[in-house]
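The next part holds the structures, each set out as structure tokens.
Next, two complexes with chain A in common: one pairs it with chain B, the other with chain C.
This part shows the complex of A and B:
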């Protein structure tokens, strides 16, 4: 609505109101401040050498904060349900992710659908938490988050569907097995599908600076602002758990799950059952361990020394486990090595997400939502069709899969570029009614 | 088949008890004087809300919601098709093309009418 008065910006400038919302609204300091010190509001009671532990102290502080507001208008039930459902939803998704061939809680035949269904419930973290405050700004933040989440959820599901063409199963275990049988990770067969899922996982986990749906400077999300106590702690726990879930899905579906790179190359050391490539991770971790222990001997600050020694020790144990299981029974070997590769891939995926978060400036929520509907979703449909054609051409037509994949990828990217060219760069001006 | 869901049920219970217990402990550790008083505004930021929560909201949000319903339901059909695709061959592709075609025709209509400009 254009005739609102006074607007947020004007109100913030008046001295008798709260100071600049940027200052009071966010507990997270600007990125350039992060490099110099911890949270600017944090009491610096820690010994200078223990400042490394400041984030831990901040977390403990959360437990001591006053219990959430109990405004007269507040809806108590939803206020309590929101953080609970957040944690439950986030942790349930882990159940069907296979961390190695041996470690999986339950191998459902609808695994991928289970993950998608449960993680869609994330909406119930965002909306009730903000609804409970009966506050307009909070609700706008919630609706924006929800709109962005829904938009990218659609595209993510379409990106995953392109993998099902190849795997022929929804079971997470069988999807990984199909990647072993077909000799390639699915990222090489449907690269555009992976790209779409990656972009969507950035947007749906709210991880990127690229996509702050609550737009801190304007309306400040209620579940961040109002619950900066234990409710908020549970909420951010759920948010970070969701990142790991997204990384786990991408790893399982596109990046070969627990398979090592070149999984179909199975040459063995002569006279033994040890495969050549299985030795490499153990040796690499052992090298890291040796480096850490060696540099831990140099004269330096005690805390650095301790960190180096601990890292070296942990890596040493890991290397011993990786190398030792080479001579263990087949199942133990596959379990430990599979878990190692799974964790490494999940870590790398999360690293990429954080990298993008720090590398790129932010975009407004509506630009993100519009990009999803104008570019990503039609591109995902086209990707599905071209991927199906590529698979048919190689299965029935006898063309090499490599060739058909490249043709399909180029066609899809071309279509996406055409869609992107057609989209207007500048959105309609934002209004006070949530748009 | 149901036996696969037993571990899920067990973990769901554990996972539900953990945050609930943590919240209750958090609650009990706070004396009454430390909790916020009733009647406080729901914002620490002190800036009073401009409008009631049950006011008007941008149509952008409604359009996104409506589009989501349409396309997400379509994805349900695409998933089951994709799983059986490798067994159906060329027939599978030509069966699905009209379905996706109708969807994309609807998308083009939305595009032409400017619905996507309003998101």
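This part shows the complex of A and C:
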């Protein structure tokens, strides 16, 4: 590729500008979320050099848009308030998520319950927002959303409960501490619990399918459709914030929070206080930085070059921080490294969610909901019981935890498979399987 | 901190009382439901101020999250236009006023009679921060039998709801 400024077609091909959750509603094409495709029609009122700033321009545009109402009879106040409350609810949850040992806003002693309780209020975003727009179809959409949300919220709570058996505390801080003390992330002790939570988080954040639960051709999500202004932006913000919340919960509860992998392995370099494994993330990030800077020097489209250089620079700074804090006091080191691991895990979880959304076709709403009640919730109960038995057997019976965990997991999965096979939960899947 | 707590207490109380009044006076039934939720949340905030974290979250989960969702769904399913056009507060106004006056008189009388005994004992300075654990302990040690009875009762209610929701002749799918 010659070194010239990009033509329009080229610029459109490059994944140069990450899709902006604020400007696009929850019906963003899944490909956009993963950055596989650039923004399809970016208005070109910015100089090519400044096109990195395009998302900012889009946001300003969204902010300045006029309010739009669907019908004269729409309930404006409720319609106006619903997205506000959505954002507040979504952001409240961050209060108790510990981003590293040093960064936690407040360590409520009911942390996990707090998260569950607050996020159960999410329904007030969907239902009044849809009701107030005075559309019969969107009201049905709201009811579907509510039903799906309720069914999966239940199963998610049950999946999380299996961890409480291990941690013995609801406080998020102590859950992470328990994983450090027991030398293992809880995903390895209750894998089925994590699986259930994962599926539920796909469903409750509407990531699971290409289309949200409101969608049949005529049933619309009014809170998305008719709110294309700042409030619509808030609504989308809440939607994406909810994904981060789900990822944060999963990270804290199942994936060891801010602990690095192999957290109990604490060999140090001889003569120093630097632990062996703490060096690795710094080196890895430094390697990424070097790669980006090198490939940024190749002749290619300018925007791509700029992105590569910026990424390389940011990674360089991050690597410097990670490596530099190795020699800083213990607290600073733990804080920076903890935050790094937390963010990495949250990012990986979110990527998985989006990935699944765009890799698999959607299921119809009723099948989703039925699946939750027929398979997921019973399986979660079984998981709770088998996990309790496994813990008892290892604590009182003296059996090794690894062995009991494997037995319990196999038993739970077997029961879940039996449930899935035995219940006519999904007629289509059955006919496809010839069942 | 004490000043902040006082300010927060009065703010939340005003919010709770104000939205309770709004809830009763709104013609639009959905607005009423939303104001009821605000009142419940404000009450939850007061619980949090008193360091009753468990009570706070139970209030949110059960009242605001569970019961109110049902309310809102049911209200939204019935045609809201009919409910808003209902001419309310007509015939019962006199009876309601009379009953309210009687109730207020009773409350005031009780306060007046018991004004010496109403003084609350001084609050303990150190409340155990682990009230979730404390409740769990109490439920599973001291009150295990009532707790289990209640749980069986709830189970029966759940099964009953399932049976009643199923129409006669429906196969169990």
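The rule is simple: the second predicted complex is superposed on the first by the 353 of 435 C-alpha atoms of A that agree within 3 Å, B and C clash if a C-alpha of one lies under 4 Å from a C-alpha of the other, contacts with A are read in each partner's own complex, and residues count from 1 in each chain.
Convention: contacts are C-beta pairs under 8 Å (C-beta built on N, C-alpha and C of every residue); 3 or more make two chains touch, one makes a residue touch a chain.
Just so it is clear, the structure is predicted and the values come from calculations on it, not from any experiment.
In the superposition on chain A, the chain among chain B and chain C reaching more residues of chain A is B. In the superposed pair of complexes, A:123 makes contact with chain C only, with no contact to chain B.
By the touch criterion defined above, A:142 reaches chain C but does not reach chain B. Of the two partner chains placed by superposition, only chain B is touched by A:388; chain C is not. By the touch criterion stated above, A:161 is placed in contact with chain B alone, chain C being left untouched. Contact with neither chain B nor chain C is seen for A:330 once the two complexes are overlaid on the shared chain. When both complexes are overlaid on chain A, the residue A:92 reaches chain B alone and has no touch with chain C. On chain A, the surface touched by chain B in one complex and the surface touched by chain C in the other have residues 108-109, 113, 139, 143, 146, 150, 169-170, 424 in common. Of all residues in chain A, only 75, 77-78, 81, 108-110, 113-114, 116-118, 120-121, 123-124, 127-128, 131-132, 139, 142-143, 146, 150, 169-170, 424 touch chain C in the complex they form. Chain B makes touch with chain A in their complex at residues 1, 4-5, 7-8, 11-12, 15-16, 18-20, 22-23, 26-27, 29-30, 34-47, 49-53, 55-61, 64-65, 67-68, 71-72, 75, 78-79, 82-87, 89-90, 92-93, 96-97, 100, 103-104, 107, 111, 116-119. Chain contact summary for the complex, chain A toward chain B: residues 1, 4, 8, 11-12, 17-18, 21, 24-25, 63, 66-74, 80, 83-84, 87-88, 91-92, 95, 105-109, 113, 133-140, 143-144, 146-147, 150-151, 153-154, 157-158, 161-162, 164-170, 220, 222, 225-226, 228-231, 234, 366, 369-370, 373-374, 377-378, 381, 384-385, 388-389, 391-392, 395-396, 424, 428, 431-435.
Chain C meets chain A in the complex at residues 28, 30-31, 34, 37, 53-54, 56-57, 60-61, 64-66, 69, 72-73, 76-77, 80, 129-133, 173.
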